[in-house]
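Each of the next two complexes has subunit A plus one other chain: subunit B in the first, subunit C in the second.
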Partner chain A sequence: MPFLKKIYRWLNVRIGADEILEQELTGYRLPANINGWYSLGSVLLFALALQVVSGILLLVYYVPDADKAFASVTAIMNQVPFGWLIRMCHAVGSNLMVLVLILHMLSVLFMGSYKRPRELSWLSGFMLLNLVMAISLTGYLLPWSQLSFWATTVATNSFGAIPVVGGFLVEFLRGGKLVGPQTLGRFFALHVALIPLGIGALVGLHLFLLKRVGVSAPPFGLSDTGNQWQGDRYRYEDHPDGIPFFPNFVVKDLISICLYLAFLLLVVFFNPFIFFPKDAFIPANPFQTPAHIKPEWYFLANYQTLKIFPSELLGLTAQGVAMTFLALLPFIDRGRERHPLKRPLFLACSIGGIAVWIGLTIWGHYS
Partner chain B sequence: MNLPGKLIYGWKAIVVVIMATLAPVAPAMAQGETVCVQCHSTQSGRALKPVKPWQGSIHAENGISCHNCHGGDPKDAANAMNPERGFLGAPRETGIPAFCGRCHIGIKGDFITSAHGRALGQGGPTCVTCHGSHEIRKATLDLINEKSCTQCHSYDRARTIRQAMEQTENTLSSLAGRLESFKGQGVDTLPLEKRLFSQRNRYRSLFHEVDTVKVKDESAKIALELTALKTVLDKIDSEHRQRRIIGVFAVAATLLAALLLLLLRRTYSR
Partner chain C sequence: MDISSRRKFLTVSLAALATAAGGATLYPLFRYLAPSRSAESGQKITLQLADIPEGGAKYFELNGTAAVLVKSKSGSLAAFSAVCTHLGCIVQWQKGQDQFLCPCHGGLFSVAGAVLAGPPPKPLEKLPFVVSGDSIVVG
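Right, the complex of A and B next:
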């Protein structure tokens, strides 16, 4: 211990570690009425870290070659010590990460935390959602199973409906007319390099904005639930009477992380196959189309939307409009009120939107 | 009808109309349908007779259509039965094993060398006697039954053979089911499937054997191999059970950690 203390002292006199710890941990105050929903950000950081670690471990054995990819994943599942656990954590973790990300966005939405001056936080979060979905989509192809091959064929096909550039876009994504070895190479590069870099940069920006703008207090249990931002100049929203980040909120974060981990382990150990239909364990065969290929659950609403419109272009347009609306929400909803029950129009639209999304997802699953 | 009932009925009607509007238009010709099926379906009597049985057969299930056996051109109605396009028609009785044996090569060999095959053309059975000509089902032990066998001889010997093979059949089905289930869990079943496939083939070759001693001996050898395979599957099952036990501890440990942290959190004044 004295040795560690000596190292700390050595650091402290050089970079002022005491000051940093005071400023970022015990002195960093959060709203007194902060609730568990605020822990979802930390849960997401933990989930992301788990994906990175399990992903790196998978990279040791995975071979990104169309002739060897399926066999390498089979070897990971059957021969590599704890390979099944690492792969299942990675695959199930990606699904749960999307779920937690959606919950995080919904909590921000219902507590009005996206309102000014946090437009950039919302936008960066929204872009993160899209990048997480993109990294999931690209990762889906890597096992080179029947499911990955045909789900990617269906997913990339839909880009073809975009006027003028659609055909080019499909070929660009696939690296050819059809999904093939060249697609695997592209998706692998996107999955392990380009998209993670984008996610890392956006997480950095998101956290920077959180620290720079300050945490918004939940609108519950307050007399004035209006937005306090005045817009005349930059102000940090501090909470001098709030709770310290460390240890109070860190412990709350850790509780949420433990609960997330318990749920992840529950699925991984007892039924990870809810995310793996049988086609996920059959090697890709470009000459045999499986009967019922469906995308992952979070793409089912998009999949069903494309099916119910008379043309794919209309379906894509509808999705584009909905996503643009969601991205620009802080610029559209400029009211001061943040309490959801005092925003009946917002509440009705949000609940309606969620119901439509869930309805389309269920319809997509059974269609 | 009361108001809620009317509302539900109304909604159902709307949903049905929407679904009907959005449903894709059924193609005029089902995928894979040949001119043979199209033409024979519209005829009557002997010409119509094969269509329905074939549609319910294992051949239809695996995409084996009329032209695969009888030849001809399945895309050109005018020349569908033209010998110049390879049309063979129906084989003579003595030609049936060779006709079916073009695909079922090993089975043909088993049949020809069996007592049944040796009696070909002398009142003995052909493939279609037991399997049928168009209503062909997946070959199982059910094909050895009193009704079929007593067409020519007593059922006694056949019964002995069937009893000797029944246990093997059940073990094969059970192992195939377990392998299928493991496959859906990411287990590398390919080498095990190959082993099972080899034993199933060995077992199938007994289907045309009428020597009871040989059937019993061979069945015992197959049973030995299948027991070894079962041991491997039991080991995988045991590993999966162990994983679940570890899972219980892992989940309990994280939940316990959450509980302890919650108690710690309660000790803070704010």
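Right, the complex of A and C next:
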């Protein structure tokens, strides 16, 4: 211990470690009425780190070649010691990350934390949701199974409904007229390089905005639940009477991370193939389309929307309108009130929207 | 139990838990990344005598490393690890001279694997082999 203290002292006199710790940990105050939902951001950072680490480990054995990809994934699952654990953590982790991301978004939505001056935080978070879905979609093709191949065929095909450029866009995404080895190369590059870079940059921006604007107080248990922002000049929202980030909120973060990890391992150990239909275990065959091919659960609502509209263009437009509305929500909803129970129109619309999304997802699953 | 001993107990318990969790994470990681040993030991390879010309050599992979079987001008056979004992380059058979040359730093080995010149500190590692009829089993 004295040796560690010596190292710390050596650092402290050079970079002022005491000051940084005071400023970022014990002196960094959060609202006194903060709740567990606020720790979902930390859970997401942990989940992202887990995806990055397990993804790098999978790269050690995965071969991004259409002739060898399926065999390399099979070898990871059956021959490499603990390969199944790494792959299952990556595959199940990606699903859980989308789930936590949606929950994080819903908590921000219901607590009115997206309201000004946090429009940029909402927008960067919304873009992160889209990028996480894109990285999941591109990763889906990599095992080169029947499921991968045909789910990617259906997903890329839907871009064809866009007028004028649709056909070109589909071909550009696939690198050819049909999904093939050239698509695998493109999706692999997107999955392991381009999209992770975008996610890293946006996470950095999201955290920067959080530090600059400050944490919003939950609207529960307060007499005035209105937005306090004046809009005349930049103000950091501080909470001098709040709780310190360390140790108080770090413990809350750790509890949430442990719960996430417990749930992840529960699925990995006891029901690892919950996200794997039988077509995920058959190598891709470009000449044989399996029956009832379905996308991942978080794309089922989009899939069903495309099916219920009379034309694919209408379905895509409806989705585009819904997504644009969600992205621009802080600019549309400009009311001061933040408490969900004091915003009946918001509450009705959001509960209705969630119900429609869940309904479409279930319908898509059974259709 | 006073506060300080309770605190110490909790600290030690937490440290033990963290160590166990760390071990449970690092062990699968190590096993995942460690090279597979089962396929790299005790391997035998069968070669055809007719494939090796008089004064020639045949390179092959054995137990995950490079090996060579040579037939000297006099007709005698020898099998070696083809890995130079200096810095691990693959030695090349000099057909006319009946010797191995390591192209990296100029090490020279005789047809019996002995160091003739250059920096290699040890002779080439000899590999066991058995001739049965028209074939040779190395390993």
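Simple rule for what comes next: the second predicted complex is superposed on the first by the 367 of 367 C-alpha atoms of A that agree within 3 Å, B and C clash if a C-alpha of one lies under 4 Å from a C-alpha of the other, contacts with A are read in each partner's own complex, and residues count from 1 in each chain.
By our rule, a contact is a pair of C-beta atoms (placed from the backbone, for glycine too) under 8 Å apart; a residue touches a chain by one contact, two chains touch by 3 or more.
Keep in mind that what you see is a predicted model, and the values were worked out from it rather than measured.
Upon superposition of the two complexes on subunit A, no clash is found between subunit B and subunit C, which fit side by side.
More residues of subunit A are touched by B (comparison of subunit B with subunit C). Of the two partner chains placed by the overlay, neither subunit B nor subunit C lies in contact with A:Ala217. Using the contact criterion defined above for the overlaid structures, shared-chain residue A:Pro247 touches subunit B, although it does not reach subunit C. When both complexes are overlaid on chain A, the residue A:Leu57 reaches subunit C alone and has no touch with subunit B. In the superposed pair of complexes, A:Lys278 makes contact with subunit B only, with no contact to subunit C. Once the two complexes are laid on top of each other via chain A, the angle at subunit A between subunit B and subunit C, using C-alpha centres, comes to 70°, given in steps of 10. Once the two complexes are laid over each other on the shared chain, residue contacts for A:Val80 go to subunit C alone; subunit B is not touched. Shortest separation of subunit B and subunit C in the overlay equals 8 Å (C-alpha atoms, whole Å). Overlap of the subunit B and subunit C interfaces on subunit A comprises residues 79.
Here subunit A touches subunit C in the complex through residues 57, 60, 79-83, 85-86, going by the rule given at the top. Across the interface of their complex, subunit B is touched by residues 32, 74-75, 77-79, 84, 87, 243, 247-248, 251-252, 254-255, 258-259, 261-262, 265-266, 268-270, 273, 276, 278, 280-281, 307-308 of subunit A.
The residues of subunit B lying in touch with subunit A in their complex are 22, 183-188, 243-244, 246-248, 250-251, 254-255, 257-258, 261-262, 264-265, 268, 270. If you check the complex, the residues on subunit C that touch subunit A are 28-29, 31-34, 36.
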